[in-house]
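Here's the structure, in structure tokens; my notes come after.
To keep things simple, chains are lettered A, B, C, D, E and F as they appear, and every chain counts its residues starting from 1.
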């Protein structure tokens, strides 16, 4: 029977990688302990497709997904789109409705379930600011997408 | 000039209130230091309106918003709906598309900007699981809504 | 207790400012009597961000919102987006799905409630035509967004 | 060549039927002059399907559409859904996200274009309040749907 | 009484025109037998407005709709948008969220109902692939829009 | 390098299983030849969650997905939701906006790519009618969701 493991909350870890400030080593330890892969990056843009591209490129460069297998790109794409839903809260549009984002992102890959049969899952977290293209005229935003891979 | 304050990230604090496990006291200290108000709660449901009601009731009971002023309810309602967008990632529907959520939520009220003129803002964070109405068949989800009040 | 005032329907007044043809003076009288602020403008575009920019610029130029306070821009932005929802009815997209709009807009600021504690609210109304980028191939459209400020 | 007629703005007339207070006779005159059909009604509900049903029933009872021709119901249905988009501004949901509406509606049928070949069109306008299921905790809302029939 | 005719499924025929490989003559026979009009075409793009334009142009060139009557363009536009909903499944966006489509399309016009009073209807079908802008990184997609004309 | 195979169009086969009338044996042959699994069923409802449940139950009963592995349910759920997007074209709502569906569905599982590394994918197709809850007041609709599993 599948069972979601409290100890292996992949989404929570993806979020904390972006939000916590002092305990990076603790998070890296968790990744190592679970044998999970992960990476982080930053992107600021008024175009959603540039946010998507930045995350995809980082994931491929760091070996979190394999470039030449479409199912891996497909899994990542949908996780990114879901994370963008949380960031944009309604229409997945940025500059086309006159706003801009400044985001950090994390991508984790591992099995958050107790059963080995569940295989690998992806967690994509985006955290940063969204607002008018005017310095300071912004507030925070977060989005999380989780998908099987 | 308005300026978003790195030290006063209200969204980040709302998220950490739900995700961090050992440093509750540290977070309470921050709330006290800033003179912010806040509360947390839990709700599990297949109906979105019950999630909305649970958050509104908790916010009113704890004095985070004033019950008899509509502008405060209006600010909270839209912050909740934005947080629900992140949780549901697409259609703001739960049981009507055969899924269920188990969520913790936090509600913070304070001014995250350096200028006093910016007044109070609300941050509503929802974090927990979403999935099929079958134990274990679920993954994590997060949503954050921020609004001026 | 908050109570919505039949005499102070800010949305109705924002709409009538755009739709009525002979009684402008009557509407100006109402604005003066209530001590409300307001302005109107026009914008035609195939790009949603230009519609947003035109309304924001007009509101700031006419002092309906203060340029240097983000909470005021934030309130206006969401009112505009809600009005655009009514205009576009589904996807908040114009030229990207091969259509164009020719719009008049009004922006009002005041308290439409009986209780003074409700403070100021914004009403943004858009009215005009939407259709193919071919003269005459269009029909009417309206949108109204209301937000506390 | 098709040309939208300034004198025959069917959407504007549908809106004014709901918003103007003293010049009902003037509007009725316009309807008679153009040979257009129309009716108005009221509906308050937390369920979107009841709003749809109320408008459909009123349109059929008053002979604005023919009950036994599906293309007429189809035209009306989509006009109603577009008007509801303006009223709900995002998700076409009412009680399922804990809000309620109190609406007046108008339905007009006629040809707003200069060319006779354009045939009949429908305009459905909804105007009223939307808000929490608490008296007074509401603001105005409008929606307009226009469709060929 | 209106009745949907099993023998005259216009949507099914629009789909089969794109999907079946050997029985084109059989489909053409059906079109002739019913006295329906139809055409097919192809479009590949990262911009939704180019997909819309390609279909509109093909429909007009082949006389499926009359260019100078807006109600016919209006009917086609909404049928296209509904077909695009099926293709994009969520946001009607292509390149703006970093994906591309390669589509065949069919447009049929005729009365699929037993009653003559139902008049003409349009069926627009889009079938092909959607995916990353990388050869092979794509899967199939279909969309169907049906509207009275 | 991944490459989408023209011979193994899983979406096309899922569609033809529902639409073609005489060549069932030909389709079964293809399934056997590729070593794919598949099943079909029917569901009529005004509630989206019943459509989801009918498809999930049929898929599990026929062994197309394994009941006790969440990643398989997760893959199927998202494929169903995407297919429902095509059927509902906008809001994934049925009875809540006063309409009803009568659908056939097919579920296929197999690898439509030339590379073995792409593993299994799911195709869910829904085809039937959508319309008012009145016999005959309906038109055709289709939706296709494809996901890696």
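Note that in this section contacts are C-beta pairs under 8 Å (C-beta built on N, C-alpha and C of every residue); 3 or more make two chains touch, one makes a residue touch a chain.
The structure displayed is predicted, hence computed values, not measured ones.
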item: Third chains touching both subunit E and subunit D; value: C, F
item: Chain whose average C-alpha position is farthest from subunit B's own; value: E
item: Option in A-F, B-F or A-B whose residue-number contact pairs overlap D-E by over half; value: A-F
item: Computed distance of Cα centres, subunit D from subunit A, in Å; value: 43
item: Interchain centroid distance [CA atoms averaged], subunit B/subunit C, Å; value: 29
item: Where subunit A and subunit E are represented by their mean Cα positions, the distance between them in whole Å; value: 36
item: Junction residues of subunit B, two or more chains touched; value: 1-2, 70, 74, 90-91, 93, 96, 113, 121, 136-139
item: Topology of the chain contact graph, where touching chains are joined (line, ring, star, complete, other); value: other
item: Pairs of chains found to touch, sorted by chain label; value: A-B, A-C, A-E, A-F, B-C, B-D, B-F, C-D, C-E, D-E, D-F, E-F
item: Subunit F-facing residues of subunit B, complex; value: 90-91, 93, 95-99, 131-132, 134, 136-139
item: List of subunit B residues in touch with subunit C within their complex; value: 1-2, 68-71, 74-75, 78, 113, 115, 117-119, 121, 147-149
item: Interfacial residue positions of subunit D with respect to subunit C in the complex; value: 1-4, 9-12, 15-16, 19-20, 82, 85-87, 89-90, 112-113, 121, 123, 127, 129, 135-146
item: Interfacial residue positions of subunit C with respect to subunit A in the complex; value: 47-49, 52-53, 56, 70, 73-74, 77, 81, 84, 91-93, 96
